[in-house]
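What follows is a pair of complexes built around subunit A, which joins subunit B in one and subunit C in the other.
The block that comes next holds the complex of A and B.
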């Protein structure tokens, strides 16, 4: 699956974290370093495998751990309407 | 001087020198809960988070948990800044469409201009100065943005009284996102002895960028004068306000001559002297607390004392400080007497009780009864 950030979200990076503001609801979310890396790359072009490999490379974790973190994060972003499916 | 005070002074010094300073290690064991409370009170937690690397060297016995808590506070504040930025852009657009001019000032301007990142300077609301004739329209616009007039001191007054005495109006959104807007018709109410010329501030304004939009705000000398007045009005009791003042003066090409001219024009020279002493005390350490600051000595208007400011423990209530501090800077005895008289016996049409309690008739008898009660409460505050 390929996802991209929805237009109703503004975001800023702060050191190793990111802040996402859902403009429609006025709620904002703080995401950690791993989440920030994934979020920055949700540009509607990179498939899941590529993002998981990025996490493995940056954080020196196993593929299983990276995959689990990735999926958990994506599920949360979908639930909060912060990303949409491209294909 | 307590360890907590030393810590706060150190933070102030880092902020005023943009972190370009070094301190020897202070091995004190500090009460971190108290420190966090004081940091919250003085609105400097995001700054503590920002300078945590340097501060942890200066105070090696403060835990990393404490600094992490401050850092997280800063990041959360960043979310609030994003909300305000978005709201402000929307409000600006609607006001422009309606041909309404305004000046943005205080919190957001200071946060974006005076600090390395806007989220380092917390602000509880945004302030706009408007012209009297725009009041009703601005009220409608804010209502359309889900902002309701808050139940504060001035809600009960009708618009003609709001305009007559230039009271501020405080709005807040009732649903997410939470933002608060203070709408001002002047920079000090008409009952205040100290009057800014609104036209002077209005004309001497400049463009200021937040994100990809430009807003009108006061020029730097006027911004600095207002910051100084605002801090003094509240007895300088928050470190962030002292830092705001200093950082104003540190702006490149700050026109000190114009600022000094404004000090004279607005009769703030005495306040300026008090402010300079506070800043000197902050950086060099203030004298021991004077005897009259101890609770057993009740005095009407104690001197401004930096150590008391740091400890967040004023010898008088904030309400009393706000009401009585002008007595410190009004130069002539006659002006002090007139001011005091007006505080004790304000015009009948500004006595809130007559609007809040419909059954209470605005007779002279009721008026003096209310004033006697208010004066008694003030003196026993």
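The block that comes next holds the complex of A and C.
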């Protein structure tokens, strides 16, 4: 599936980490550098495989670990209404 | 009953108040004494506050710390409710109008009324003018301003008075409005400080015998320290403060500072203002060095550290 960031989220990258604010609820989330890399690339164009490969390329992890981390992160973002499915 | 009218001046704004209650005017007077800029700047804008005091409830069921708020998209208004609905406030952004209904029984909560009828609505409405509220003290030395941010009870007033005693100049001990103009500036909140008896005893030598006020001491800082009260200052450093047994100061990452400051600024309201406020806070924490400061009552040591910190960080971007 391909996801994109929803309009109700405002975000800012600080060095390697990012802070996301859901402007509808006022809740905010601090994400680490792996999450930041995925978040920055949730542009509604890149499929999951491409994002998982990005994580493998930038961090010292196996594809299996990257896939697991990616899915867990995406599930959290969907649950908090920070991203939506494009296709 | 004939409605009472009174105007208040805050920063460069006027608030036109109308109410059916003389008691309410008295309460607003207690909570509302801001320094006037010298020379007085032109009025930038105005807001209106209409308050009806009603008598429907005989007691308040809500908890003092409990409040609710929500943004009404259809009316473009922020709705606030406090003390189980005994204080209800509607802030209309397009009309720049604050409408409130206050149960008579809630008039006992005098400081809360100041917050819910004036501070919070005003902080919301001035976002249109790019002023952003922060729960913080502000002190100045050598043209460098230090912010001491923290929730109530963390020692903002104590540190403000301690530094005032050490020769710093006073901008605020509790509320500031930040804005950007070739750097970040802080403008002061009320110049009248309410201090606990314990704090007053610590600084009795400089405060003398101020007026007693409901278990506290009421100090008109401008009258007490005529040459040491400033209207605004350019921010060099921010410290998030906490009283502790041992002194400790540590630099915060920008992201940590933003997180810590979220709760000290009003963020979640009109979605556009929420975005702008977030952006402002993020820029602020990226540009201004932020520290976590655990302080003791060794104010001389504190003065030395803070003087050095603002000197090192003077006007510098990180």
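Here is the rule we go by: the second predicted complex is superposed on the first by the 87 of 87 C-alpha atoms of A that agree within 3 Å, B and C clash if a C-alpha of one lies under 4 Å from a C-alpha of the other, contacts with A are read in each partner's own complex, and residues count from 1 in each chain.
Keep in mind that, in the parts below, contacts are C-beta pairs under 8 Å (C-beta built on N, C-alpha and C of every residue); 3 or more make two chains touch, one makes a residue touch a chain.
Just so it is clear, the structure is predicted and the values come from calculations on it, not from any experiment.
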{"item": "Partner chain(s) touched by A:8 [first = subunit B, second = subunit C, both, neither]", "value": "second"}
{"item": "Touched partner set for A:26, first subunit B, second subunit C, both or neither", "value": "both"}
{"item": "Touching partner for A:17 - first (subunit B), second (subunit C), both, neither", "value": "both"}
{"item": "Subunit B and subunit C contact sites that coincide on subunit A, given as residue numbers", "value": "10, 12, 14, 17, 19, 21, 23, 25-26, 28, 30"}
{"item": "For the subunit A and subunit B complex, residues of the former touching the latter", "value": "10, 12, 14, 17, 19, 21, 23, 25-28, 30"}
{"item": "Subunit B residues within the subunit A interface of the complex", "value": "72, 74-76, 78-79, 82-83, 86, 119, 175-178"}
{"item": "Complex contact set, residues of subunit A against subunit C", "value": "8, 10, 12, 14-15, 17-19, 21, 23-26, 28, 30"}
{"item": "For the subunit C and subunit A complex, residues of the former touching the latter", "value": "253-255, 258-259, 262, 267-268, 271, 274-275, 278-279, 282, 286"}
